[in-house]
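Each of the next two complexes has chain A plus one other chain: chain B in the first, chain C in the second.
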Partner chain A sequence: MADFWAAYQSTLGFAMVNAFFALSTYAVLSAGMLSFATVTFAALGGFLGAQLAVHLALPPVLVMPVSALSGALLAYVVALLFLRLDSHWMALASLALVLITRVVALNATALTGGVNGLSVPLSLPLWVLAAILAVICVVFWRLSASWYGIAARAVREDAAVAATLGIPQRRIQTIAFIISGAVGGLGGILLALMLQFLSPETYFIDIAFTMIAAVVLGGSYHWAGAIVGAVVFTALPVLLQAVVPDFEKVANGICLLLIMIFLPRGLIDPRALRLRRARKAPSR
Partner chain B sequence: MMSAPMLRLEGVQKSFGGLTAVAALSLEVPAGCVAGLMGPNGAGKTTVINLITGLLRADSGVIALDGAPIQHLPVHAIAARGIARTYQNVRLFAGMTALEQVMAGSYLRRRTSLMASFLALPSARAALRMTRRRALDLLARVGMAARADELAETLSYGEQRRIEIARALGAGPRLLLLDEPTAGMNAQESEAIGRLVHTLRDDGLTVLMVEHNVRLVSDFCDQVTVMSFGRALVHGTPTACMADPEVQEAYFGRKEDAQRIRALR
Partner chain C sequence: MSLFVEQLINGCALGSLYALFAIGFGLVFATLGILNAAHGTYASWAAIAALAAVQRLGLPFPLAVLVGVAAGGALGVAVDQIAFQPLRRRGAGMLGALITSIAAWIVLDNLAGVATGQDSLSFPTDSYPGGMLHVGGIAFSTMQLITIIAMLAATLGMHLLVRHSRFGAAMRAVGWKEQAAAIVGVDPRRVVLATAFLAGAASGLAGVLGGISTANVSYSLGEGLMLKGFAAVVVGGYDDVRGAALAGVALGILEVMSAQYVSTSLRDGITYALLLGFLLLRPRGLFGGTSFVRA
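Right after this comes the complex of A and B.
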């Protein structure tokens, strides 16, 4: 058991960090928007937090709120610009933002260390990471149960109908972006603390791919789906490597394909659950 | 019908490219009245509903609620002024139960802030309970109380239409716009909708409904406007409108044309 723990500790850590990125993506997706801007929020939160830790010797407890706040502020600005765009154009614009992020990370050497990278002389115990994730889970649970959650669901399903019921689409989607920014910025500094080293490549396409895959796998209709998806997507390759070392990559691809074919709405799907319950119930 | 108009359209114009969907339409709906909007397919009835709710912008003209122009307001602000609607093709939210649909419709009547609701403050929890009870009452009103926890998309078309009415009522409107509320319903179900509309009117709601069912309009509407090619053809009581030769021509065509068609056969 001790061996097992030692071997999979870092996997668990990365799974949890990825859960933050997936939740950040879910936050905008649950208000009807596909955006990759989480990568940018993470980069700002990560680099800024790392600099504060290095130069001002701030402890992680203070650094993390600053990272989350910076992500939220940036997300507010991004929302002002992006909410003028229609859905697929917003997705494209957010991809452009990811590319810009990398260029900035390469060139803003004062903040990012440029090509040399930036070492982060702080670490984070796994239980702290788990505790923060638990707090964020409570936040997402409250969001989904609140009037914000009801309104966001309506906007996502049919924005025009929601508007005719008095639900202000722009306002709801702006809030969604701010939540996404805060969680993304927090994920950014957590990743920095996990890796203890940042380079311009840290916050790039890999994160974008991971977070989208996690949300697709886990399901984008419930916040728990983002977490389940992140854990599966992070742990599956590692587990398969232990079980079928020779065919790890193939097996991984097959597993992901199977989930997508047979559970197109993800592993956690409240609607499917309800439909199943409706079918089981004695006919009226 | 002597009271001031709740809804007033004046010279409202809307074109799509070269096609004039609504041409210089003027229309008044007095408060506390059930008004019918009739006309053959393509007459511009649904366009009128979309213009009133702000989903479409009029090219020119004035749309006023209680005397105040609303045609420049964003869609959600128009709803907040007290206008709610249903759709010709039912547009319920996927994945939501009947009760959740009505709850979503009750956003304007939530009586608590988003933040208080997020923090689950006692006042917000009480408000949520009240809103839920009110939503259940509205479902009962349209005869759907027993289906409250069922996924709306699993219900029949007629049931979905009634849930959509309850959702619109959730917003607590003063003016309710119904776009073909009885489409796809049998005579009995249509009759029930008509009676529901009457009880809503008796409670002080003003209703404007687009309807094809001549019997329903005759039985339940206080006044009717018949549209054809984007214009108001006739305006008056249901009986007077149906008897109007222009209306008969718009709906059934000309007598001479009918004879010509017979001759061609």
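Right after this comes the complex of A and C.
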């Protein structure tokens, strides 16, 4: 058991960090927007937080709120610019933002260390990570039942109907972006603390695709789906490596394909649960 | 002056590759509503197929290009039928197809790495027209001329097909609303297959020509095209072939010129700064009009 724990400790850590990214993506997705901008929020939170922790020797507890706040601020600016675009264009624009993020990270050497990267000689106990994730989960749980959560669901299902109900679409989507930015920025610094090293490649396309795949895999209609998806998507390559050592990435892709084809609404699907309950009800 | 003109030609040739990529990517996005992350791998595989045609079968250059283009198109159709068709039947929307395209990208990218032995291969120098042409003191390679002509032909052909043919009208109809298109007698399945093939073939053409002129046949060929071709799609607009082509060429020229006259390290920065500027000032692309959808 101790061996098992030692071997999979880092997998568990990365699964939890990916859960933050997935929740950040879920936050915008739950208001009907596909955006990869989480990567940019994470990059800002990560690099800024790492600089504060290294140069000002601030303890991680203080750095994290700063990272989350900076992500939220950037998200507000991004929302102002992006909410003018319609859905297809926003997806493209946010992907472009990810590409720009890497170029900025390469050239803003004062903040990011440029090509040499930035070492972050701090670590975070796993239980702290778990505790923060638990707090964020409670926030998402309460949000999902709040006026905001219901309004966001309405906007996602049908923006026109939501507008006739007096739901301010712009404001709901701006709030969604700010939540996404805060969680993304927090995820960024947590990733920095996990990796203990940051480079311009750290926050790039791979994270963008990983997190969107995690959310959709886990189920994009419930916040818990993001967490389940992140765990599955982080653990799958590790497990597959033990089974098919040379082709674990290919096998990973095939698994992803199969899950999407057979469970297109993801592993956690509130509608399927409701349907099952409704089917049982009359027999009682 | 002759240096400037030569660099202009270099930029056009490079940009033609981006343009070819962008045309196919935009076509799939506009017609099928799929943000296809696997589009770049078609280029890698087309180059690998063309190289195999040269090395194993000893085919001459024009036939090898044809093999590559056909391979790109076939791969486009195969990925569409395996990864996108099951979701289309269930109406899973843009998100599901994005995920399966990521899955296809992971699989094809890694298999391409295996196929080339994680190496960067190149075409034998006698397998393509490698000579230099001199026109009035300006030198450029035959491959550059071929690349630019191929791009112009593909753009013109695709534009005529999409905007001025019955089939193109059917494609745009399916892109707007598949059910409505089916009601007025369009067979969506044929349109889907043709679109997937054309897009894959365009990407394949970019892959073969790019693989020859950059002497790089590997998985990274498609990735490089993807990152820049994607920028061309955003600048040019995905729903217009001309816009994507023009933007691709412009980005190629900009890249070469900024490396020559500004700084090599800022080359990508300038490209993406332009991209950001376009997103903010002209978010619907060069020729982007207004779209009419239900409020």
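One rule holds in what follows: the second predicted complex is superposed on the first by the 271 of 284 C-alpha atoms of A that agree within 3 Å, B and C clash if a C-alpha of one lies under 4 Å from a C-alpha of the other, contacts with A are read in each partner's own complex, and residues count from 1 in each chain.
To be clear about the criterion, a residue touches a chain if its C-beta (ideal position, glycine included) is under 8 Å from a C-beta of that chain, and two chains touch if they have at least 3 such contacts.
Please read these numbers as outputs of a predicted model, since none were measured by experiment.
When the two complexes are overlaid on their common chain A, residue A:107 makes contact with chain C while staying clear of chain B.
Judged by the touch definition given at the top, the superposed model places A:88 against chain C, while chain B stays out of reach. With both structures placed on the common chain, the touch criterion links A:250 to chain C but leaves chain B unconnected. When the two complexes are overlaid on their common chain A, residue A:260 makes contact with chain C while staying clear of chain B.
In the superposed model, A:166 makes contact with chain B only, not with chain C. When the two complexes are overlaid on their common chain A, residue A:213 makes contact with chain C while staying clear of chain B. In the superposition on chain A, no contact is made by A:276 with either chain B or chain C. In the overlay built on the shared chain, the residue A:34 is in contact with chain C alone; chain B does not reach it.
Greater residue coverage of chain A by touch, when chain B is weighed against chain C, goes to C. Comparing which residues of chain A touch chain B with which touch chain C, the overlap comprises 160, 163. By the touch criterion stated above, chain A contacts chain B in their complex at residues 142-143, 145-148, 150-151, 153-154, 157-158, 160-169, 175, 221, 270-271, 274-275, 278.
Across the complex, chain A is touched by residues 53-55, 74-76, 78-80, 84-85, 87, 91, 93-97, 100, 103-105, 107-108, 110, 112, 114, 117-120, 128, 150-151, 154, 167-168, 170-171 of chain B.
Looking at the complex, you find that chain A touches chain C at residues 29, 34, 81, 84-89, 91-93, 95-97, 99-100, 103-104, 106-107, 160, 163, 209, 212-213, 216-217, 220, 247, 249-250, 252-254, 256-257, 260-261, 264-265. Residues 29, 33, 35, 37, 82-83, 86-87, 90, 92, 94-96, 98-100, 102-107, 110-111, 114, 227, 230-231, 233-234, 238, 265-266, 268-269, 272-273, 275-276, 279-280, 283-284, 291, 293-295 of chain C are the ones that touch chain A when the two sit in their complex.
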